[in-house]
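Below you'll find the structures, each written out as structure tokens.
After this come two complexes, each holding chain A, first together with chain B and then together with chain C.
Let's look at the complex of A and B:
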């Protein structure tokens, strides 16, 4: 068959370096990790064990605790979404100095979780700043061992995550709100709608797509990128009650030398993450269609 | 009157929010400027007396200058490599026609969201086998690869907005694609590339997991890995740890003050419309 236009060779040459880098950084490690998940032992000395690692995972209370903690921490997503949305609506109502407020609330999002974790570990320790403040103001009964007790530690980590991610949500939502056509708001006002009615029935539905995006991006973050918080704030403690899947993988892969168990945990994490990644891909595809 | 009260309420709410947002950062600086006795006596008050002791001590107690240099080198090399590789790929996706074009872009978007922890065990074994473990090139290579998906996505989105006829006219004039990329596209992309470089540099600067696992010699660490590991050793010297934390944040703060728009545009670009 004759080709009408000459076959373009150059695009393949242009994407080649990226393909090589992606193969080395993603394709090979993903294949290797799936293989490792069926083996036991150390790298030079692997023995095939079938699905033993997977069976072991679901009998390991530390792994079950880690998954459960990831699921609990997913609850931070609706909380930060609603908070960010409310604050974005306030900023969007042309409050004086809103640009400055926006710049300040975004700042935590760019800061290294390591440095922030160090700061919070002192703020939240038994005799830390928060408890000192509570005691000095006559509300000492609210003081808790925020990071050292099994009952409080996961909500505390969740709060630090919300603290850091909130500004991201606010900035994203304000940008979306600014893009809502003013005629829509004007028309509603002429029809007699009041402030909050406009907010909830006109503005919020109009930025629905942005909200969906934010929820998915944060769900992926909370499921798979919170290692630093756990490592710096608690090292998974007390007694592994604040471990998450990432931390479990790190501990087994590097501290316990259990590559097989770590790799099986990776596969479980990937299965869970792929649900959200699939939704994220669909949202991106929709965004491209909308743009065209 | 009611309107006035509600405006006041809004301002109060926003000021409270700013205090909550800034306090942990303020606490780092305030504690770094205290002596240890002062901190133990009064963890919440202003430093009395102001002391720069802890900042000096950071450089004696930890190889902090070396760590900073390591972080800067790693960021420079991996961000530069990823930017060049991604720009070539994004140019092909935006202006070329090839089989698997949409698949390649979707692949990059999916990999953007892939948990990095999934890769750390096998990449560690590779680095051991090729003898790069405990050397900076190990993390430089991995960071370059990890930065590519987002960079391809970000640059493709930008290049698709450029007027196609400019590129086509140049092709008809017989200009080669490397030439068009260098002479026409690159000058138009400088602001976007700056944004990408800022976002990627911050990502590399802040990364902990790979740095912790791959760089196990004390002098060979990055700032974040060094700080995280010294936390155990100096946890009872709060001003020292906070001085280290503040110094690790300082470059980001300066960058943020001068290029806030780049931060915002780059870091929110994963969210479409």
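Let's look at the complex of A and C:
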């Protein structure tokens, strides 16, 4: 018969500081946000309203529009992934000056979003640089009010996001492609594989994990980190047609002091972001299992 | 042991130690000097009355930040025991920034907000105190438009300047369109006829910007007011206090947005109105790319210098509405200054604000910025410029109301602004614009319960 050893408590003492830090920085704010989502009024003068904030949220066309815009903008992820992959494959074929090209395409990624927003707001205004160029080259019919029209504003913001985030994808993919063993490529070449076959049947499958990582990271970014673009380019306008969830939270929580509505929106955003994080963790776990 | 090390390594180690010792000594000496320097300063600062002032005004009155800086230096020169730290604020964060500060009861001792509800709301939320508790009534009697910030028989904030919003037109472009350059459009049909003539001659009639929603909000302030018989109608519709219903208010709004949609449909407003901010849109006038604009006194004076005063005509905006308020003008103190409830030296803050109203300081405001001081002691004889005289006459001729001041800030930002954007960007109908108002007013009533209760009291005259 084996005697069970009494459970040691002292190892937990070692992780206690980290637990306290985590509780202070993550758990407490999270609990506070969830609590506030059941109240109306401003901090210091809160009234319990039950689930009314959540009901109000899903009856508020501005919030629904914001979620819809986030979902529309998620379409930028496959576009930027395919583009980044194509450019990375071209750069990986060691075209002359590829290192310089890599640096150039990475440049937008390190530019502050505010600077990008300001530049693009001048480029894309009704009589801005882009429309002037289009008109001067006889293709004025293509000119649009890119940021001032409800129909064009979300695709325009999406294009700016793709332009900026593309560099990150290219750099990540090029790094992954460079890590693919050259023996694989050489073996394929000896077996008579064409350049196209090498790209799509050898290189791309070998960087699948990196592609998955990029897609998930970008999906989370588009869902929860595009406030700056919207704020600088359109401030959610015209008529809230370009609002996203973050902007909705900012407007309600900071501008209007409607802490309850803002907190309820944060909880919804958190749930949506958690779904993507869950997918990512599942993919990672699968990758570990496969590796074993 | 190390000290016993012999040979080049030992020498290097001693040398390294020596350098380290020297560096540490030098840093310690510098730190000691710095600490000594600091310790002498607080000896003066500890006794000083410190006032943090979150100030805004540059967007309204270019040059006012410099004036304020000069005033602070002047005040501190004669009040050595007072330190005033002016922190300029931006328009974008003016309301939100103070709202955050008031939640933690920290930040400014004096704050600037836009007049009426943006000022009364923090007062109701106990983030501000009534300035009339600290300033004698005889002084307040000298302030112009002080009643814009009146609640419960108290004056909450102090005005500094006045801003009128006239219609301005370019006389050369009027002539080019075959119009009488000296004749202002007084009625709406005059205005539409002028617009049609200008448009027919390839001239953009009205040059404005609305990417920030400001032009739409200005149209509400100028033209919805013209449909009202009294401010109580607006208050009663928003506050649901009976009398004038939200449905009646909706009817007036629908009519006003239909008028705006008509101006857009006829091409009387610049085509890029939705992608330019108000300030950017205004530039079309001095660039002679638009013949008319609704603008501020300050801009008119500045454009007068650019284009020549004789090239510019100014008048009250043409009358469109049929309410009793249609005959009022559009002057407001725009922004005002109040003392926060957590300010440690409220009386000192009030003393400084009152001092700003001294006649020579107000005269300096006019001289340096061209803004009309909100003070009855300001001698009108100081205004010698022809265009300024016309503007001052407009500003003081009749009763004035800036309607935007009388709607809750949340309704202004979430209904007034997007509804105007919807119409001016041709993205929706007047009915859809009105639906935004309805939804936001109802949400505000539900979300801001204490604020709504205070608003109702104020609307009923019991705040």
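What we mean here is this: the second predicted complex is superposed on the first by the 254 of 292 C-alpha atoms of A that agree within 3 Å, B and C clash if a C-alpha of one lies under 4 Å from a C-alpha of the other, contacts with A are read in each partner's own complex, and residues count from 1 in each chain.
Please note the rule applied: a residue touches a chain if its C-beta (ideal position, glycine included) is under 8 Å from a C-beta of that chain, and two chains touch if they have at least 3 such contacts.
Just so it is clear, the structure is predicted and the values come from calculations on it, not from any experiment.
Chemist: Between chain B (first) and chain C (second), which does A:198 come into contact with in this model arrangement: first, second, both, or neither?
Modeler: neither
Chemist: Taking the superposition on A as described, I'd like to know which of chain B and chain C A:149 touches: first, second, both or neither.
Modeler: Second partner only.
Chemist: Is A:89 in contact with chain B, with chain C, with both, or with neither (first, second, both, neither)?
Modeler: neither
Chemist: Between chain B and chain C, whom does A:264 touch in the aligned arrangement: first, second, both, or neither?
Modeler: Neither partner.
Chemist: After lining up the shared chain so the two structures overlap, which partner does A:52 touch, if you call chain B first and chain C second: first, second, both or neither?
Modeler: Second partner only, chain C.
Chemist: Return first, second, both or neither, reflecting whether A:254 touches chain B, chain C, both chains, or no partner chain.
Modeler: Both partners, chain B and chain C.
Chemist: Which of the two partners, first being chain B and second being chain C, lies in contact with A:116: first, second, both, or neither?
Modeler: Touch partner of A:116: chain B, not chain C.
Chemist: Of the two partners chain B and chain C, which one touches more residues belonging to chain A?
Modeler: In the superposed model, B touches more residues of chain A.
Chemist: Name the contact category of A:41: first (chain B only), second (chain C only), both, or neither.
Modeler: Touch partner of A:41: chain C, not chain B.
Chemist: Contacts for A:10 in the overlay, against chain B (first) and chain C (second): which applies, first, second, both or neither?
Modeler: The answer is first: A:10 touches chain B but not chain C.
Chemist: For chain A, which residues lie in the overlap of the chain B contacts and the chain C contacts?
Modeler: Common interface on chain A, chain B vs chain C: 43, 121, 127-128, 254.
Chemist: Can you list the residues on chain A that touch chain B in the complex?
Modeler: So the residues of chain A touching chain B come out as 8, 10-12, 14-15, 17-18, 21-22, 24-26, 28-30, 32-33, 36, 43, 87, 90-91, 93, 95-97, 101, 103-116, 118-123, 127-129, 132-133, 136, 163, 166-168, 171-172, 175-176, 179, 209-210, 213-214, 217, 220, 223-225, 227-228, 231-232, 245-246, 249-250, 253-254, 259, 262-263, 266, 269-270, 273, 276-277, 280-281, 283-288, 290-291.
Chemist: Residue numbers of chain C touching chain A in their complex, please.
Modeler: Residue list for chain C touching chain A: 95-96, 99-100, 103, 125, 210-213, 271-276, 280, 409-410, 413-414, 417-419, 421-422, 424-428, 433, 436, 439, 443, 446-450.
Chemist: Note which residues of chain A are touching chain C in the complex, please.
Modeler: 40-45, 47, 49, 52, 56, 60-62, 121, 124-128, 145-151, 234-241, 251, 254-258, 260-261
Chemist: Which bits of chain B are touching chain A when the two form their complex?
Modeler: It comes out as residues 7, 10-11, 13-14, 17-18, 20-22, 24-25, 27-28, 31, 43-44, 84-86, 88-89, 91-93, 96-98, 101, 104, 106-111, 113-126, 128, 141-142, 144-146, 148-149, 152, 177, 202, 205-206, 208-209, 212-213, 224, 227-228, 231, 238, 241-242, 245-246, 248-249, 252, 256, 260, 263-264, 267-268, 270-273.
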